[in-house]
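Multiple structures follow.
Note that chain A is present in both complexes that follow, paired respectively with chain B and with chain C.
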Partner chain A sequence: MEIRPIISALMRSKVAMILIGLQVALTLAIVCNSLFIISQRFERMQRPSGMNETDTFYFGSSGFGRGYDARATQKADLQLLRQLPGVAAVTPAWSVPLSGGGWDSGISLQPRQKTATADSAIYIVDDAAVNTFGTHLIAGRDFKPEEVVDTAFGGSLHPAVVIVTKALADKLFPAGDAVGKQIYMDQDPPTSTIIGVVDRLQHMRAESSSIEYSTLVPAYMPYDNFTRYLVRTEPGRRDEVMKSVEQKLAESNRNRIVSKMRTLEQTRRDAYADDRAMMIILGTVIVALLTITALGIVGMASFWVAQRTKQIGTRRALGATRFDILRYFLTENFVITTLGLLVGGALTYVLSLWLLTHTDGAKLLPWYYVPIGFACLWLLGQIAVLGPATRASRVPPAVATRSV
Partner chain B sequence: MFSYYLQLGLRSLRRNPILTALMVLGIALGIAASMTTLTVMHLMGSDPIPWKSSNLHYVQMDNWDPNSPYNPDGSPPDQVTYRDAVALMEAGKADKQVAMFKLALPVQPVNPELKPFRALARVTYADFFAMFEPPFAYGGGWNHDQDAQHARVVVLGNGINEKLFGGQNSVGKTVRLDGNDYTIVGVLGDWKLRSRYYDLTVGAFADPDDMFMPFTTAIDLKQRSSGNNSCWTSSADGWDAYLQSDCVWIQMWVQLDSPARLAEYQSFLDAYVNEQKKSGRFQRPLNNRLPDVNTWMADQKVVSGDVKVQTGLGFAFLAVCLVNTIGLLLAKFTRKAGEIGLRRALGASRRDIFGQFLIESGVVGLSGGMIGLLLTGFGLIAVRALYTNYKTVAQLDWVMVATTVLLAVAAAVLAGLYPTWRACQVAPAAQLKTQ
Partner chain C sequence: MTDEPNVCAIRGLRSIPGAARRITPMPTILADPRLPISFTEPEGVMLKMQHLSKVYRTHMVETHALRDFSIHVRDGEFVAVTGPSGSGKTTFLNIAGLLEEFTSGEFWLDGVAVSGLNDNARSKLRNEKIGFIFQGFNLIPDLNLFDNVDVPLRYRGYNAAERRKRIEESLARVGLSSRMKHYPSELSGGQQQRVAIARALAGSPRLLMADEPTGNLDSLMARGVMELLEEINRAGTTIIMVTHDPELAARAQRNVHVMDGQVTDFDAEPKLRMQSRDADIEEAVV
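Let's look at the complex of A and B:
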């Protein structure tokens, strides 16, 4: 019922209305898309690695000089580590989920298959791997000690038996009967037999498109003189064990360098550092943007109140209540915001399309972000205008008569 | 006149401190957001070697699986095989050429107080120093003869020279690496590299190389690369089989000093691959590429998508701030209609009014720019904290400082233009009548 006078008043200051509307529109577009990016990053960061991350750490050992026997050192180290108090399980591991670098390979179902069926992370480990990673065997069996064979590092890898993750097993054998099946690690025979399936173990590259595809390969196979060890400790004893391991290894062999020990928690932080940074930056942009828009609305509303003091006084003198005045400004803001939001809805999808061209794997904004954004900005506008509107409602009727 | 208008402007700004603060803050935040993100993007993608970037070309050949391309977009592998790298080095058809790879290897210091540690070496050829022009503090690079002789020589970076020799001139001394002694022939000065553009296969902003040693020497000693290695077909076991395999793990650069030389080299490369095709290798269609430094950096997406998105949003944010400022200036100037009417009645021309209010907007812009500059500084500190790899690119340089201030003033004046024009439209008679 009050809309018509409000609209006709607004038509007399079109520019100001357009400016506020435009600001609201841009804000909606940026906030919706930023929130969507933040939620996507958040989801990415929440994906479980399949490991016991709290109690696990790893480190590398690189020997040097002539006469360094990497294989013998590896076996001695494993024996030493397994005896340390607080250590629950140890395995040599070429790589670790989320740590960045490592070996991946195509897995095929036929010899000399043109394109591999799946790309998988390859973790070269021993028979303690499932236990050390903290993943769970859901089908088949674990490696036996005699299945871990001494292997020379070369161009190809042909293990007799492997354990794969459930996601990879389902990809290779959708019928769910992967255990006992043969796969080709490279394109050529001999084949490898899947003897077990674990529920989950992520790829070493967080950004990999086949992040859930991993294969455990049993082998003692140092990379030249380098071996990486993965250690899981008894719950809560990680930091203590890390110190004692460092000390023990320093004593054991002078001809090698033990690299800095890294926990899985650090590894996860580093793997997702860019996502976290993006979330923080976009979060800051959202807060700053909403603040600026709110302050802009306060500024414009204050100006309008000041400009219309006389008219407000007149309306009050003619019988309008304080609440009527308050409602007038709230409704006015609602109308402007709504017009801005309608334009903003379109702008939001323009921005979303632009983002699609600039980010790999970006998705179009889901529709429900727009109504949520509408609600937020309506609320923001009403709160921002409340101050000036309250001030307007306090204009005494006498003002109308005084200055004429 | 200018100083009088400036005075008027300052007085007017002081009269509504909250409104003024709002406008200044708006511009400052907008400038800070856009300039922080723009600085990072600008420095990440900036030409690392502008005086010769168009003469340095990365070598790409497509020796990949005939059944499936290396990249889904059909571009050739980002590295080359050992046998191709060596063949191209021996042919020596470019003005300068290097093959290289990354090697992590143990350093055994003579000083018993220093524990052995792992360092990153760039394994390359003599031309590296002439092509990428690192500054030398002492000595120089090795020469082609030493490449041919597989000499045990090394060039140290200044960081590792500081660690091992306290920053002294160590040329002529030896350093023991993985059980072998190498003679130091040169020590680099402070090589300010924003990105390690000469090897983008292991991250452009990763740790810098600690030292440099001859390729031929490292191959002699069977030192395996610590960079990426990709194979599409299995090779036989052992080092020699690995060297002969179709695995790619070497980066190759050539310097070609004129477009004619580039064309010559392109046809040489095509001829080489066609020759290899006869022996059954390179079964994919001919796809040799020689991108220059900037093209290669763009191909390898040195400027990440996130940084581009952040910059886009930064400028969208600036746009919101400007719209905000236009609204507030408009409100402000409209309220001064009476004053304007009076001045116009007393003989001020529209041009005078225009000048006066534009100066007022300019003052807002300049102060917004100054505060924005300060906030940009904080913003970059925040970026360095969030992205630990971006230390070299989250820095303000003079170009960016000047751009910031200019952008702020331009933005504010632009924002002030419409409100100022509106102010000029005030008809003196109408205003005076209502007073």
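Let's look at the complex of A and C:
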């Protein structure tokens, strides 16, 4: 290998080497960190909500007009909905995971605890909630109908019984014996008893740091004349049921409007729209940077080939084969890329540390991103230089004797 | 073009002023390198071309750079190839140095038939057998003298110790061993050409091809380079030198004049060293 003479020759024309090396270094730093952010976002988007998202939808019912009885309408609606063909389960639900709106509350283990032990999403539901959400009880029991109590809107929530997610149960009671334990909602007595634990049900805000902490509260809490219903259908019948629900409810009571009918899939898409946009932007930046770097290498290598045509001819005349010339340019690129990557490796962690201190929820770049980045940029460099190097290898040795 | 090469040669002689001065008293039939009689001693022949042609073709034009070109150079000779610009002497040099392929004819280099060789084999043969000295020196400006001389040795595949030994020896031979770490731009033209000679010699080639080796040098430097080439030749290396300069050509053992892609004039035998061979040749003819 001709690495030493290549390095000493490059040291005689440092500017080009430094420019390309810096480009490679910056590309490595930005690409590695961008890929890590993309992977984090992708990972976030892949988290299961704990629900049967494929077969579930929800909508609002807003009553109007004099004499509209929200409570009676809800009872009638639930009865009607549960009898509709294709409907598997229905629950009134103030909020829905990932929908972005709803209540959350601090959960404490002591009365008037200064700082809550955990923050949790609060889902005000009835006794059909576990079944409708499609989550699974892994400990304890479900709500009984008589445990669903009337609660005034805006007042403090002090349910006698609650069901919590496993993540919340583990946070509150790491020994794994949450069922039967007392917790304080809003730090105030009286206590609520955990009667059941479900495997998973995510927070209504996808960006919440307490994404896996949720509490089901059995209550009827009217908000004017508005009620939201969550419906789980039999597998594959969601779209069909959505149409019939709208029609049946409209027919059943003309003093209300059925609105905001959305599937859980749409809700997930909306919840992660920012993440998706971020991924697209960073992906575009990565592609653009790699393209610019590759073009930079192609441009510089092409320039060098043109500039050194006579030198290449001389090397050929002195016995270099075409492959020797090809290898010379590939090696030269490898040397420049490696120098750039060594600088870029350090720069990558500087950038990662900066992001760590300036961005919420950022993590330090895992070590393996750097060697993978090295390999990718080496490969990119070699592919980029292959065209000019092949052209160089085709320079005939007779060029050595040409006077111009 | 004629089927009678001797006639062609005689015509060529008449057309060149002073050509008769270089003609030896040997019979023309013996002197013509295109005749088979020239190869009664093939083991002593470094380079032999027979009826060789080189045609450059474009969509519109066909240029015959060499036609029916025949020459032989014996092992250890110092041959000067002269001719005006465009006569074909550089094409001859390129083909003889395996830098370019020929269109038809036959060519042996140190006993190896060149026509069947692929590009890689030609590169290898070039690297092993031939050293080049170019008019413009063709040193690599970004490499110091040591690395410049190292270039052909790396392609030869010598190990580092062998390369170092050869580089030091060849630079010492041209009187530049103290300047190994210098770059070409730090040397005079004459010194650069000496480095090029050192580079050409480092691989111990059997044939040295020199393309106007003093073309870019002043007369003093040119004389020094010429003396060095003569010394190298005396040590046994065959040299073929392409030159415009009649004074330089006169210092070679044998001159070959090229015109319109053909050998038109030649010294039949080396002026100094072939005395002892004359008897053999005569004997062969008889």
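Observations, loosely collected:
We take it that the second predicted complex is superposed on the first by the 397 of 404 C-alpha atoms of A that agree within 3 Å, B and C clash if a C-alpha of one lies under 4 Å from a C-alpha of the other, contacts with A are read in each partner's own complex, and residues count from 1 in each chain.
Rule of thumb we're sticking to: a residue touches a chain if its C-beta (ideal position, glycine included) is under 8 Å from a C-beta of that chain, and two chains touch if they have at least 3 such contacts.
In this text the structure is predicted, and so the values were computed from the model without any measurement.
Clash-free side-by-side placement of chain B and chain C is the outcome of superposition onto chain A. Within the superposed three-chain model, A:318 lies in touch with chain C and out of touch with chain B [touch as defined at top].
In the superposition on chain A, contact of A:257 is made with chain B only, not with chain C. Touch criterion met: A:310 reaches chain C, while chain B stays clear of it. By the touch criterion stated above, A:80 is placed in contact with neither chain B nor chain C.
Of the two partner chains placed by superposition, only chain B is touched by A:22; chain C is not.
More chain A residues lie in contact with B than with the other chain of the pair chain B and chain C. Applying the stated contact rule after C-alpha superposition, one finds that A:335 touches neither chain B nor chain C.
In the superposition on chain A, A:285 contacts chain B only, with no contact to chain C. After overlaying the two complexes on the shared chain, residue contacts for A:294 are found with neither chain B nor chain C.
Put simply, chain B and chain C get as close as 9 Å, counting only Cα atoms, in the superposed view. Remark: chain A residues 2, 5, 8-10, 12-13, 310-311, 314-324, 396-398, 400-401, 403 touch chain C in the complex.
By the touch criterion given at the top, residues 15-16, 19-20, 22-23, 26-27, 29-30, 33-34, 37, 62-66, 68, 114-115, 152, 154-156, 186-188, 223-224, 256-257, 259, 273-274, 276-278, 280-282, 285, 288-289, 292-293, 295-296, 299-300, 303-304, 306-307, 351, 354-355, 358-360 of chain A touch chain B in their complex.
Across the complex, chain A is touched by residues 19, 22, 25-26, 29-30, 33, 67-68, 104-106, 108, 115-118, 178-179, 223-224, 231, 233-238, 241-242, 245, 247, 304-306, 308-310, 312-314, 316-317, 319-321, 323-324, 326-328, 330-332, 334-335, 383, 386-388, 418, 422 of chain B.
Residue ranges of chain C in contact with chain A, taken from their complex: 90, 93-94, 97-100, 119-120, 123-124, 126-128, 132, 134-136, 138, 140-144, 147, 150-152, 154-156, 183, 199, 203, 211.
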